[in-house]
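Two complexes, one shared chain (subunit A), two partners (subunit B, subunit C).
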Partner chain A sequence: MSISASAPASVPAGRRIRRFMSDYPLVPLVVLLLLLVLVLHILQPGIVNQRWIANTVKFAIPLALLAGCQTMTMLTGGIDLSVGTVATMAAFIVATQGVDNPPAVAMALALIPALLIGFANGIGVGVFRVHPLIMTLGTSLIGVGCLQVYQRTVIASGAKVPEFLTWLGTGLTWGFPNALLLFIPVAALLIFIQRRTGFGRLLYAVGDNERATRLAGVKYWQVILALYIFSSVLAGIMGLLYIGLIKAPSLSLAEPLVLPSVAAAVIGGTSIFGGRGGYTGTILGALILAVLTTLLTILQMPEGARRILFGAIVLLVTAAYLRIIEDR
Partner chain B sequence: MSRFLRRHGWVVGLSALFVVLFVATRIIQPGYGAGDFGSLVRAVLPYAFAVAAQTVVVIAGGIDLSVAAMMAFTSVTAASMMAGASEEYAIFVVPLVLALGFVLGAVNGILIVVTRVPDIVVTLATLFILQGAALLVLDAPGGGVAEWLKGLIIGTVPIPGLPDAVTAWFPKALLLLVVLLCAVWIPLKRSRLGLSIYAIGSSELAAFRSGVPVARTKILAYAIAGLFAAMGGLSLTMSTGIGAPIPGPYLLASVAAVVLGGVALGGGRGGLLGPIIAVFVLRLVRTDLTLLAIDPNVTAIVEGSIMVAVVMFGAYVTIRSRAS
Partner chain C sequence: MTTAPLLEATGVAKNYGAVAALKNASLTLLPGEVHALMGANGAGKSTLVKILTGAIRNDGGRITVRGRPYVARTPADARRSGLVSVYQEPSLIPDLDVISNLRLTQTPVEPFREWVRELGVPDLDLRDLARDVPLAIQRVLDLARALAIAPDVMLLDEMTAALPANLAERVIDVVKRQSQTGRSVIFISHRFVEIAALCDRATVLRDGETVGVVDIAPGVEERIVELMLGAKIEKARRTRRDAGETAARAQGDTRIAVRNLRVGTKLQDVSFDLRNGEVAGVVALEGQGQDELFAALAGSTRPAAGTIEVDGRAARFAHPVDAVREGIAYVPGDRSEALAMKQSVRENIALPFSAAFASWGPINRRREGAKVQAAIERLQIDTRAQREVQRLSGGNQQKVTIARWIAADARTILCFDPTRGIDVRTKREIYKLLRELADQGKSILFYTSELEEIQLVCDRAIVIFGGKVVDILPVEIADEPALTRAAYGLPRETGAEPGIPTGGAQQGEAAP
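Let's turn to the complex of A and B:
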C-alpha cells in the first residue's frame, strides 16, 4: 500500500485492476454472474426474461439461506454440516403435523428439532471443543436416525403442506417471488448482525484469533452456543420454505443442498478458516450456483458430467478468487 | 511399562474396549462364533481402508472429503473393467485401479498445493468430480468381479499345526487387511517421507524452515490416501461382486474412526493402529445392536450418539491434558 501512495503512476494496469478487485471483492463476483447470464443468453437466446429470473431467484433463495448458516459459522472458523438434516426434519415434520394441527402449531413443532440440534452443536463445539465438522456431521447422523423413526410413526397419516408455505415458496406477486418476503428481512438481519452488532464483531474476532478474544474476556462458549442455535433455526426456517417450494416431503429433501451451500459461501469470499467474509458475497455465490445449474441443465449434460463440471467450477472460482484477494 | 502405556494409552484403551464389547457380544448371543467374526471382518474391510486413507491425510494436517467418492469411482472402474472379462485379466485390473487411486490422490494434493485453496474446499470439489466420473462409468450398480478376487476374502486361513477351531478365527479378509495395511504403512512410517508427513502435520511452517519439502510431502500424503481409497474401492467390489456409483457412508465413518482412534484432527499425532481398532469397535457396536433386535433406525441414532459422545469425551480429555 505504501508503494502505491508514493508512486501511483508507476503501478502497471494489471496490478491496478487486481488491487481494485481486492478492495471491492464483490465486483468480480457480479462480473462472473453477468458473464454466466450472458453465456446462457448466447446459448439459448430469449431464455433470459422476467419469468426465468423470478424462477432462478426462487431456487437460489433456499440455497442462499443455507449458505447463510455456513457464512455465520465459517466466520468463527467453523462449519455447519447438520443444516441439511435440520431443514429436512423441519420440512418433514411440518408436512406431517400439518394434517391434524393448524399451520402455526405445525411450524412451531417443526422448529423444535432445529433448536435441539443447534443446542447440541453449540455445546459440543463451544464447551467440549469438538471440531465443528465432526460435531455437526455426528448430530446430523443422529437427526437422520430420529427422522426415520419418526417417519414410521406417521407413515399412515399422510402429509399436507400448509397453504401459507406453498404460497411463500412458489407464489409470485407482480412477477416477484413471494419468498423474497422472507428472504429480504432475513438477509438484512444477517448483514445487520455481521456489520452492526457486538455479536457480529465477536464472530469475526473469534474466527480471527480465538486466543486473543478469550484473553480479552469474551465467553467463547456463549458466543458459539448462540451462533449454532441461530444457524440451526435458520436452517429450520429454510426447510419450511423449501417444502413450500418442492411440495413433496422426503427423508433427504435438503441433503443435496448442503455441499452447494458450503460452495456458495466459499465462492462468496468467506474464508473457511474464519475471520473474513460476509453475507453479501454469499448471496451472489448462491445466485452464481443457481445460474450455473440452469446452464448445465440447458447443455443437456448427463448427470455425471454435470457434477464433474460443478466441482471443477467451484474449484476454479475459489482458486481465482483467492488469487485476486490475496494479491495485496 | 508405564512409558509404553503413556505412549500407547489410547490404543490400549481402545483394544480393551473392543475386548469388552466382544465379551458383551458373546453374552448377548452365546452362539456368536468364528463365522460371525469372519463376516464382521468382511464388513469392516471397506471401512478400514477408508479410515486408513483418512488417517494419513489427517496426520499430514489435512482432511479428505473425497474418500467415499474415490472409493465409489475406483469400485465402478474395477467392476466395469472386469465385467465379462477373463479371470487372468483381473491381474492387470487390480494394479491399474490401485495406480489410478494413487494418481487421483496425488491430483488432490497437487490441486491443494498449486491453487492454495483450503483442503476442505478442494476435496469437496473433487468429491463432486469423482461422483460425476463414477456415474459416467456406470450409471447404475453393475459390472462384475473375477472369482479369485472374491475368494481372497472368503473363508479362513489354514495355518498348519493348528486345529480348525483356532484357524477358524483367522478369516482371510483379516489377513488381507493386515498385509495390505502393513505393506504400505510400515515402510512409510519408517521412511523419511513418513517423518515429513508427521512434521508438516504438527507445524507446516516449522517443517518448511527445517527443510522439509512441504509441497511434495503433502502431495504424496494425499496420493497414499488415494491408494488406500482404491484398496477400499476394490474391497467393496470384491465383497459385493458389483460396483455401485453412489458413495457409501464412508466419509463420516472414516472421520469418526480417525478421531476415536486418537489421531488429532489438527495433524501430527497418532498412528494407524488406533483408527483401525476404532473401526472394529464401531462395527461391533452395530452388530451388538442388531443382535439385541433393536429397530435398525434406532441403531442409527445410538450409533450416532456413541460417535458424538466419544468425540466429545476425546476433546474434553485433550483440553484437560493441555490445561494441566
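Let's turn to the complex of A and C:
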C-alpha cells in the first residue's frame, strides 16, 4: 500500500478520495445501502432475511421504474411529473377494461393515454419550450380529469385485474419476486440506452449544453419528443405492474410515488440540472428509499414524525452525496 | 495649454494574474474637449474605461479629477464624481417602462425629455416598455439619460456603432455642442470619420501603455495607425510566407459563395468566395458584423438578405444541421458554446455522429473509437483528464472542438478566433493543423483578433468594416499595418511595395 500511495505524493489524500468518488459515484451509494441494512439488522435482529429482501425488492421495483422516467428526463435538465397520473390511468384502465376484454387488449388500451400524454409533453417541452415542470404538471392534471370522466362510464361494470399482472406483481418464484422478470430487462434496456446508443448520448449532451448540440446538428425537439414518449410509456408499464401488486384500482394509485421517484433519481446521483447521472445509481437510490421506509416503520414512531425524519434524511443524504462526488 | 485638466490619469496599471492588461496608461482630459481613446484589440482601452467607471480597481497609478484624488469603487461612485458612461449595448432594463428605468437611476425626467427631443426622437412615450423601443432609439435614450445627469465627463464607448446615419449625426452634433459648455467627453470609436468630425485630441494605447497623444487634424489617421502598431511594423515584415507557394494553393473550386449577405443590424452587405484548399482570413474590429457572418454560414441565424451558395447550389440554412449536412462546421470562439463540459472527450468528439435521427441506435464502439482516436492523435490532445472535458486545459478544450469536425470529416471549417486565450504551443499546433487541412483540399474561414496570425495561417484576408467588405488583401501584403489600416476603413497605402518577401521568410514560418 505504502509504495503505491507514495507515487503521486503531490496530490493530497482527501483530494484523491474525492476524485475517486467522482469517478466511481456508485461506491458511496452501495456503502450507504449496506449501512442502512446493517442499522436495521442491529435495531431488529433477524429481520434481514430472504423474505424481507424479496419483499423490499418487490416494493422498490415500481419506485425504481418511475425513477427511471425521472432519470431519463433529468439527464436533459427536465422532469416528468405526469408519470403518477399516467401510471394510475394505465392501472385503472387495465382493471376496468379487463372485465370484458382479453388481458392483452386491456393492456394495449391502457397504454394509449400514456402515449398521448407523452406526445403532448414532448411537443410542449420540445417545440413550444414550456418548462417541463409546468408542462408535465399540466398534462398530469388533465389526465386526472379525464380519468374521473372515464370512471363514471365504467362505474357499473366493476374491475378485474388480469391474473398475469397479479402473478407478475406479487408472485415469487424460488424466493425471487416475479417482478424481476420485467424489471431486469427494462433496467438493462435503460442502462444500454444511456451508455451505448446515440439517443442516450444526446440526452446527456442536450442536458449539458443544448447550444453545443445544436451546433453539432442535433434537433432538440426530436430528442425531447422521443424522450417524453419513452418516459410516459415506461410509466404506463409501471402502472400495469403496480396494479398487479396493489390489486385495488383507485384514482390516485401511483400519485404518492411521484415525488419519491424524483428523490430516488437525485439520491442516485442524477443531476436535476442535466448532463450527469445514470440509471444504476437510481436503482440504488430506490433501494435506499425502500430500506429507509422499513427502517422508519419499525421505529414505531407516529406517522408525522416518520415523515419529518424521512424528509430530513433524504435532504441530508442528497446534500452529503453531492458534496462527495462533486470534484472541484 | 494653461487650463488645468479635468481628469488626469498617470501610470495606471492593472494585472490579471500574471497577465498585465494595463502597464502604464495615462490620459489627460481638458475641460470642454472631446477626447478620443484609441488602440487595437487588446491594447487596454476597455480596461482603462472600466477603471475610470469603477467597474474594476486599478493596481497602480494615480487618477485625479479636478486635482483631487479619484477612487471609484462602483459605477455609482464614478457618477457622484461626475463621470457617466454610455456603452455600446443598451443598458435599459427591458421589462420596465422608460420612466421606471429613469427612476431606477435617479435621472431627472424633464431634462431627459428635452435631451431626447434634442437628439431627434420627438414622440417618445415614457410609459413604453424599454423592450418595445427600437434598439437604435434605446441607445439614444441611454445617451439622453447620461446627458440629463449633467456630468462633468461623459464616456461614450462605441456609442455610435450601428446607429442609423441620421441619428449618429444628431448624436455627434449634440455631443459637440455639449463640449462647448465646458463639459468633457471621452469618445471611443473605430470610425476615423467620426473622430475627425468630433474630437479635439486622441490618446493612443498599445499593449497597455499610452504611446502618444495627438491633436486631431487632417491626415492624423496615418499617425494614429503608426502609434497603434509601433514596432510591429518591423516585426511583421519578417513573418511573411512564401508568396509563390500561396498563389499555387488558392486555386481550388469555389466552395462557398457569399453574395450581398445581410444579417441582423450589424452585417450590412458582404460578398466573397471561399475556395477549396484555402484558409481565408477574416479581419474586423470588434462588432463589425463578423459574429453575424459566421452565425449565418453556420446556419444558426437566418440572413435578412443575400445568398449563400455551396458548391454552386443556393443553400438555405434553417438549422445548423443543414450546414453540417453540407459539410460546413462551425467552431465558436467561446469553447463553452461548443462543448458539453461534463461529458468525456470521446463523447464530445463523437457528438455529431449521433446527431441524426437515423443514428440514435446502438453505437458501433469500434468504429467510433477508431475515428475518435485518430482525431485525438492528429491534434495531440492530452487525454490524461479525458473523463470530463471541463478538466482539460483551455488549449486542449479548443482542440476537442476542432477534433470533433476532423472526426466528422467536415469539408469546411468556420473557425472563430480559435486561438484566443490559449498557450503559444497550442496556437502553433492549430496553425499547422489548419494549413494541413487546407492542403488536403478543405476550405477554412478563419476569423482572428490577432492580426499577425493572418500571415502565419491564411492565403488572403477579407477585411470587414461597418458590416461591409472593405478590402480583400493577398497574404503577401496583409501585414499588421496594412490590416490595421484596412480594418479602420482606411484605403491601402499607395506607395507600398507589395510582395518581395525577405530571405528569412522562405523557411515557411507558418508551420513551425
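Assume the second predicted complex is superposed on the first by the 312 of 328 C-alpha atoms of A that agree within 3 Å, B and C clash if a C-alpha of one lies under 4 Å from a C-alpha of the other, contacts with A are read in each partner's own complex, and residues count from 1 in each chain.
One rule holds for everything that comes next: a residue touches a chain if its C-beta (ideal position, glycine included) is under 8 Å from a C-beta of that chain, and two chains touch if they have at least 3 such contacts.
Predicted, not measured: the structure shown is a model, and the values here were computed from it.
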Subunit B versus subunit C as contact partner of A:Leu202, first or second or both or neither: second
Partner chain in contact with A:Arg276 - subunit B first, subunit C second, else both or neither: second
Which of subunit B and subunit C A:Ala212 touches, first, second, both or neither: second
Touched partner set for A:Gln222, first subunit B, second subunit C, both or neither: second
Residues of subunit A touched, compared between subunit B and subunit C (which is higher): B
Which superposed partner A:Gly304 touches (first subunit B, second subunit C, both, neither): first
Set intersection of subunit A contacts, subunit C complex versus subunit B complex: none
Touch list for subunit C against partner subunit A, complex: 298, 300, 319-321, 324-325, 330, 332, 336-343, 347, 350-357, 359-363, 365, 387, 404
Subunit A to subunit C touching residues, read off their complex: 23, 192, 196-199, 201-202, 204-205, 208-209, 211-219, 222, 226, 275-276
Contact footprint of subunit B on subunit A as seen in their complex: 79, 120, 124, 128-131, 133-135, 137-139, 141-142, 144-146, 148-149, 152, 259, 262-263, 266, 272-273, 302-312, 314-315, 318-319, 322, 326
Touch list for subunit B against partner subunit A, complex: 63, 111, 115-118, 120-122, 124-129, 131-136, 139, 252, 255-256, 259, 265, 295, 297-305, 307-308, 311-312, 315-316, 318-319
